[in-house]
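A quick write-up on the structure given underneath.
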Amino acid sequence: MNLYKPSKLSTIILFVFALSIVSCSKKNNSSKTNDGILKIGNGSEPSSLDPHVATGVPEHNILLALFEGLITPDPKTLKPTPGMAQSWTVSKNLSVYTFKIRDDAKWSNEDPVTAFDFEYSWKRILTPALASEYSYMLYPIKNAEAYHKGKITSFDMVGAKALDAKTFKVILKGPTPYFLKMLAHYSTWPVHKPTIEKYGQFDDRANPWTRVGRMVNNGPFVLKEWSINKVLSVIPNPKYWNKNSVKLLGINFYPIDQGQTEERLFRSGKLHITSTVPNHKIKTYQDKKPDLIKIDPYLGNYFYRFNVNKKPFNDVRVRRALTLSIDRKSIIDNILKGGQLPALSIVPPNLSGYQSPKSFTENVMEAKKLLSEAGYPDGKNFPVTEILYNTNDSHKAVAVAIQQMWKKNLGINITLNNQEWKVYLDTTSRLDYQLSRGGWIGDYPDPNTFLDMWTSNSGINNTGWGNKKYDSLIAKAAVSSSASSRLKILQQAEAILIEELPILPIYFYTRIYLKAPTLKGWEPNILDNHPYQNVSLRNIKVKGSETTTN
Amino acid sequence: MLLYILKRIFESIPVLFAVLIFTFVFMKAAPGGPFSSEKTASPEVIKKLNERYNLDAPIVEQFFDYLKKVLQFDFGPSFKYVDRSVNEIIGAGLPVSLELGLYAIIFAMLLGISSGVFAAIRKNTWLDYLPMSFSMLGICVPSFLLGPALVLVFAIYFEIFPVSGWDDWTHKILPAITLGAGYAAYLARLSRAGMLDILNQDYIRTAKAKGVSNSKVILKHALKGGLLPVISFLGPAMAGLLAGSFVTETIFQIPGIGRFYVQGAFNRDYTLIMGTTILFSALLIFFNLLSDILLISLNPRLSFKGDKQ
Amino acid sequence: MSLQENISEIAEEEIGTSLWKDAWIRLQNNKMALIGFFVLIVMIVLAIIAPLIAPYSYEAQNLPLGPTPPSWKNWMGTDTFGRDLFTRVLYGGRISLAVGFVATAVSLGIGIAYGTISGFIGGKLDSVMMRIVDILYSLPFILFVIMLMVLFGRNFYLMFLAIGAVEWLTMARIVRGQVLTLRKQEFIEACYSLGLSNKRIITKHLVPNILGPVIVYTTLTIPSVMLLEAFLSFLGLGIQPPMSSWGLLISSGVDTMEEFPWLLIFPGLALAITLFSLNFLGDGLRDALDPKAAKD
């Protein structure tokens, strides 16, 4: 066994090797990226491509290419436009919707898309055994919740019925003005029955029907390749009814979970869109390459939960004091740098037609006074308080800043505790915390998605706070038939939250990303929802600038 | 020797079993299950999910169920990647990581052993201090620093290599260096120390005194003995590479098993964790066996028959 | 006292004192090792007196100021929160050095004891002990860390436990390997024929001779411990903001290395200098302790 390595020889070999690499170096920058395929940095590997099982934004981005629901939102306004349904009628009391499925709607294997497909699909997602985590999206439908919870066993009693192959009738519990907008969510999209039942049980989550070569879908693209942790590729679906609107030759989704790597890939021309921009790079781009960075309003809020069961957070004066003594603008300008908005109320401001009630104003003097009234003048005897957050640089930075603000303004001592995601979720849901960082991205563009989570029996409340009046207002709004009075009721509910402050609102999200100038038709909207129809890539070479775009 | 190998394999069965039990217990005791997620509201859904994956059965029953499947090489479905089986995921990720690990080790051995041996021979000269200082750098510079630095210089500024990915051979150089640099540094120091130990031994002096030429001395006598500590280090190092490659795989977005391994822990993906842990243990046992065989073959004073006093 | 015992006592004393005395003399002659030693002492002293000499508080933020390059006001510049970097590097050193030395000492102690016993006694006990090492080595470290964090709460001292629990394994392996080799060598057999007790053989003869690779490996362990600490703190086990360590400072400096390179350079230098010193000192010790090392 001779272990001798001829080191001199190997050095020479390595040297020659290196030379040859340098000489054929420029090959990577060749225009392989100019191939009409949209390349998206998608953040993480999708856990499932089954619309009734998936949860998460990366999954949504891919599903948007593969499936289509009854409606498709307009890319600019998010207004529902015809998708699988070419038209629909609404009853006077706003509780019954009748959809007419278009005649040329086809599955990728040429089967026609029918109303029976929708009935089957909605039954599937509401089937208890499937354990879909988004089934609650369909609860506005009559008896849907009862069916899902096993209280009734016949789907015939649920208000979703195919009257014939082209007519789909939906009966709601009460007037739900945001119902059509909700249909933009993938949980309401159809799946192909024969395919599902060919590869397994219809209520088995692990049914492997979504693989390349097996999946049958009705959207603008079909699945071409799916290499885990590497890339997921789709190509245009020739059977799609609106195929003329598809201008791309394909889409590649890259599950890149590192912001730094993603930014470098974008810089080297390998990505057209990124999922995020590292905080400290925002200013660099804004100064040097402002046409590449986009900051759009995003429908989401960022807050800290108070555990109102733990002293002293059961005292609303303490909660108010903590809320009023943070300088949100400083955090946004100096740490986040992403043009976020200070949150002085609960519901984000970008919802047309809805106005939040009067919000609170930051005021350190007032905060000090409140704290003193509560029995802790200048922070004396205030228990050491811990802020819990999930491991993430941005959350950490915000917490560190707030820790100092409270120390300086109120004289109280704060410790920080970061836990990794699963542990953090568990700790929060068990109410084993004092303050816990939270955030919520709206499921649909209506204030209700930000308000019904704080009712006393909501599984995502997790603060221990409950208010009977609040609960009744939310319930009342759910069955209100007048759009304007409904919004007024929601306003009253939000006012209670602003008064009671079971959560400490900090900022409203923005969506920050890098976008290649060759990408056209990518419209900003508050849900960051980008249907791929009418998105295109143009081949331009910008002279005299550093960025050679492909 | 065959008997020795068989004996070792037999001994490794309780090891694997113990690993299984340990991991199973740890996983179950760690808080947060595979289905904790911000949108999971209703307890009914959780109940159904637990039923589906048999998570509400008594622990012992769950364990034996699982054990049965493992003996048939079925590691079950992943919890996070809902329609994929763990076998599939491992099957996709393992070859990639093995390849990356192989390149890293080759790089580490070439660079590390040669500079270590040279340094020992030319002890206390510049040929000693320089490589040893570089090797110290190799230990001080962690892969999460080296990787991005290499990418910045060679992929962005000089545009020689791609930023990330795992397609053709140009994608494999920077990750191999990033992953291997730390090991090269260790190997340099270990081989230097080992070589020095041997070079100072009496039998080497004897050989030199007898007039055997320097290079012959090195090749025939010193190298074998000098590399002994290297070999006993390489065993666990090889297997450690797989899990340690997580950082490199993350920086360069390489679809290897290291990344899945750690993602599985974060996601509490029970089956994936168990599967990769068993795999990791099996590989470790294999590499240790390999290194022990080498060790015994090389050391004239040890034998396969066992080393009783 | 019988003649036998007399002779063995005399023989031992000679072996004992001359080994260590020799080593000390040799060490003093090694320039690089001495430099390393002194630099190390300087680092340790700086870390200890940090609260006395730091120009600013390590946590006082100046958000509007943000990151600034080195200047007269801030010798090493400021970080993204406007905090003085020099102060943070000083305080970071306290954490890193403490973790480095203590955790390494823990793993050394366990590792040497374990490996020596295993290699020396050999046979079935060795097999069993090494299998235990194998099992522990294959445990998924991250899970183990999360478990610890959960069971005992977030605790700085817990970090020593976690790190020590992992590092001693490799040390035990190396020590055992060395012991196995040494056991067959002549001078050990000579000890037996002289009638020395097992305990004496281990402590006075075996251990000094395995110290060579052990010391070298220790100088490799301390840096890896320091970096391991950075990873653990990132996961949530260990120090919490606003405290930091060199490892953490470096890992956040990497993210901003294009925009604010000083955030990486200074903590990096601090760590590198410390580790280099450890290296030269370790080398010197190794050379000094080798009874057959040829003089230059």
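The chains carry the letters A, B and C, assigned in the order they are written, with residues numbered from 1 in each.
As a convention for this text, contacts are C-beta pairs under 8 Å (C-beta built on N, C-alpha and C of every residue); 3 or more make two chains touch, one makes a residue touch a chain.
Just so you know, these numbers come straight off a predicted model, no measurement behind them.
Most remote chain with respect to chain B, judged by CA-atom centres, is A. Centrality by Cα centroid goes to chain B. Chain A and chain C, compared by their mean Cα positions, are separated by 46 Å. Per-chain Cα centroids separate chain B from chain C by 22 Å.
Chain centres here are Cα averages; for chain A and chain B they lie 37 Å apart.
Residues of chain B in contact with at least two other chains: 30-31, 148, 152, 266. Within chain C, residues 146, 150 each touch two or more of the remaining chains.
The multi-chain contact residues of chain A, meaning those touching 2 or more other chains, are 260, 420, 423.
Those residues of chain B whose C-beta lies close enough to touch chain C in the complex are 11-12, 14-15, 18-19, 22-23, 26-27, 29-31, 124, 129, 132-133, 136-137, 139-140, 142, 144-145, 148-149, 152, 186, 189-190, 193-194, 196-197, 200-202, 228-229, 232-233, 235-236, 243, 261-262, 265-266, 273, 276-277, 280-281, 284-285, 288, 295, 299, 301-302, 306-309. Contacts from chain B toward chain A in the complex involve residues 30-33, 35-46, 48-49, 52, 77, 80-84, 89, 92-93, 109-110, 113-115, 117-118, 148, 151-152, 155-156, 158-166, 170, 173, 219, 223-224, 227, 250-256, 259-260, 266-268, 294, 297-298. Of all the residues in chain A, the ones that touch chain C in their complex are 260, 278, 280-281, 284, 330-331, 333-335, 391, 393, 396-397, 399-401, 403-404, 415-420, 423. Chain C makes touch with chain B in their complex at residues 32, 122-123, 126-127, 131, 134-135, 137-144, 146-147, 150-151, 169-170, 173-174, 177-178, 180-181, 183-185, 212-213, 216-217, 220, 223-224, 227, 230, 250-251, 254, 257-258, 264, 268, 271-272, 275-276, 279, 283, 286, 290, 292-294, 296.
In the complex of the two chains, the chain A residues touching chain B come out as 1, 3-5, 7, 10-11, 14, 21-22, 25-29, 45, 47-48, 50, 53, 55, 128-136, 148-150, 205-211, 227-230, 254, 256-258, 260-261, 264-265, 267-268, 270, 420-427, 429, 440, 458-460.
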